[in-house]
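Here is the structure we will look at.
So that you can tell them apart, the chains are marked A, B, C and D in the order they are listed, and the count of residues begins at 1 in each.
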């Protein structure tokens, strides 16, 4: 049963040590949830980027609340490298599980299907594979000739988090064609969503609007947080990315002090009700 | 007479030539030059009544996918993508690319780049992978990458319908031989020399007796570029198109 | 490039011997395409039901144009057993590959992902498995204890066929939440779609309508055939199933003669333009 | 006094009792009695402020899935479905079901049924599989099925969080012991006897010393059934609801 709750109550459902799947910059990055997660000081997190992330995860890395990071990339895009990601790796303060985009999708797919693994082409001979002892290479049982293939084990997040434009009163959430959000939710034990607004319309009522919906069956809690993806944009058109803000972050967060200053402002920022 | 082709226009035209024959070109996020090249190809082929499809990742306008971020990778595996572009913090003479980091022991490397993204997969499955990096220097083009995000070649038992076919830089164009795992210099951009390229390249490569100058666009191509293509590019890459317009403002009418 | 063509031209793209994936009764069964396929006498077909079928496939079986049938079930629902399916099996005139619904979905998924197989839970100890030598059981390479798991090989259709409410002029097809239609198309070399109508609107233009769309990238040809799913209904609401017609078919097609009579009428039936 | 419970109402109530504690019940196509039972459970739990979710396959109104036909199976694998119903052309004493065919050698069996549908999968993954078949005869309840669409039990090394827990027929209710792979008669429907069931069952099963009569609905349940539940059922199964209304027309107001 989906509950509509306050943001702080939503975030309290994320426990220390949790494996948390995070939506990418282009599909409703959960900035408001991350901000509250930092406020609450929930630590020891295993973050899975689906399949990459930007400032959302870089800020969290800067607070030292991440134990393990599983991702295909962390980047601030045009603004350049992700400073706290780079610093954390240099310090050796996190365990990095470097992946490649389709492998993260494959791991979530295995969880969705309730199977221990799915096979994936490519990857053989890379140092990505060499550094992932949790991935296995087997001989394709259907081939007569030699045919090695990688098996990606299921990624089983405790929590999936993303920001979406609209949920209805039943907890159905509009995800449009951002179907990675559905994949995350299928795979996760629990899915927590922030939205721009709640609609009175049942989003599953029309066959066509239903195609754009993650059903409430997979959604454990919804919190209304307008502009919850900022400074990133919303694919649904509510607002665009603010490149100046991301660029400023990229600049000041290069130093620990600059990051601390930014963080203070970031955490202090109140969200329009 | 229109202004002569700029270095970036030359790169766009060189890539469009490499894409000849492709029906579906996918372009990664933040790749305005490859995107421009694909759009040029599309405009050219349209004149011959052929259709070229372009998917620009991260674009709203040029995004034909409806199944989330995984669809690009599925599409590649289905053989529905003919060409893709990869770069790298390092690229070596065997066609290996490194998008992860260099210097020191992984994962505590001195330099850390974003990560491998989809390269470890797409480099195996897309038939025509074009390596593209404007900066041509010994720190980029190394003898051996510090981390293999995607290998240039694979042993014969590894399923690999795709792989790199060429490397384009700010100085010249190389072809890549997947059997030999070696680059051959194919042309040098106007104003540069073979010697300059040898000096700026940290790996060994083959040099034919005659290395021509990379040909620039003819007048019709230039007109397409500065007209329709620049218009289309501006939808995805506003800043890039604006800078381009500042460099060569005029629009030439096609003959 | 998607072409809008006449139905007979669309169907001529299906060659004798082809492996054809067919949409189920609840997701736009391609009745008009099957009718034309029978008219053209294209034979030696390998039919894959995604994952089951009714009259659409039973009629085709009655004409003897099916060499191999891969399905989780053939049924006329409330109207009872599928008479030509039963007759074909009794006569031994087709090769049956009995499956179970998720295995057909899994085989198509493997094709979508370009991998030789995907694993699937369940199935072990069934006679479905015992009669599918093309399926394999392996030890789960990620388990320490004994853990057998079934691997389903990729199903690679030459052609996928279904009926949909709307296509746009670019060949984008509205499939709503009937995502098995997308799965079929991803897996198939070529996808042929009949639609109720063509719209001038670009279905990919809005982020929300795009969620309901199979992009033209996967669609090779579209033919406009109003009421192309009848006597089955369209999920999009254009018309409902005609249970009396299905029941009549179920009754008369019990005998070879009854089926021949029905077929003559069925093939003679003209479609409202 | 309302009319006494009809045999079908008794079945609905018996199934609703088996579903107690479920949060999500999935019901296959053309299954009006299981669907009615799930709707009864939902109505009952609502009075205790608990939420029961029902997915009726093939229904527009009670379909919460948006990922195509595979979503039910994925959902089951994710542990999000607590109960499902399976029938069979044959069901044997080890809990095996046959949805494919009987008599003669497969695939040229004398009788051919539609096929296994999702049974070969769901019987492994749904914790509470309820076997339901109204016809209680020796041709249905056989010593050994001719084709195993889904086995009743599996060896310990086979991953199997789910399986059959009960068998409900037009004559009585059995529980199923997944360890022993055997049915035990738990109750006999009003108007029938243990002897009748023994005679109509082709397999051996355990019979406790005392076999009670299957309890019918109390007045409040009957009121819910003939009121709200019948109303909801008519959205999915119009003919079934109409026949039900013809049998017992009155709507009883709940106390």
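Just so we're on the same page, a contact is a pair of C-beta atoms (placed from the backbone, for glycine too) under 8 Å apart; a residue touches a chain by one contact, two chains touch by 3 or more.
Owing to the predicted nature of the structure, the values given are computational and were not obtained by experimental measurement.
Here the chain-to-chain distance from subunit B to subunit D, counted in touching steps, is 2.
Note on interfaces A-D and C-D: more C-beta pairs are in contact across C-D. Put simply, the C-alpha centre of subunit A and that of subunit D have 40 angstrom between them. One inter-chain figure worth recording: subunit A and subunit B are separated by 29 Å, centre to centre, where each centre is the mean of the chain's CA atoms. Centre to centre, using the average C-alpha position, subunit A and subunit C are separated by 36 Å. Within subunit A, contacts with two or more other chains are made by residues 113-115, 120-121, 147, 149, 177, 182, 207, 210-211, 235. Contact with two or more other chains is made by residues 60, 65-67, 77, 125 of subunit D. Chain contacts in this assembly follow no simple pattern; the graph is neither a line, a ring, a star nor complete. Two chains count as a pair here when they touch; such pairs are A-B, A-C, A-D, B-C, C-D. Contacts from subunit B toward subunit C in the complex involve residues 24, 51, 53, 60, 64-67, 74-80, 125. On subunit C, the positions that touch subunit D within their shared complex are 24, 26-27, 50-52, 71-75, 77-78, 81-82, 85-86, 89-90, 92, 96, 98-103, 105, 109, 120-131, 145-149, 177-183, 235. The touching residues of subunit A, counted against subunit D in their complex, run 1, 111-115, 182, 186, 204, 207, 210-211, 213-218.
If you check the complex, the residues on subunit C that touch subunit A are 106, 113-121, 136, 138, 140-143, 147, 149, 151, 153, 174-177, 207-213, 235-237. Per the touch definition, subunit B reaches subunit A in the complex via residues 29-30, 58, 60, 65-70, 73, 77, 99-101, 106-110, 112-125, 147-151, 154-155, 157-160.
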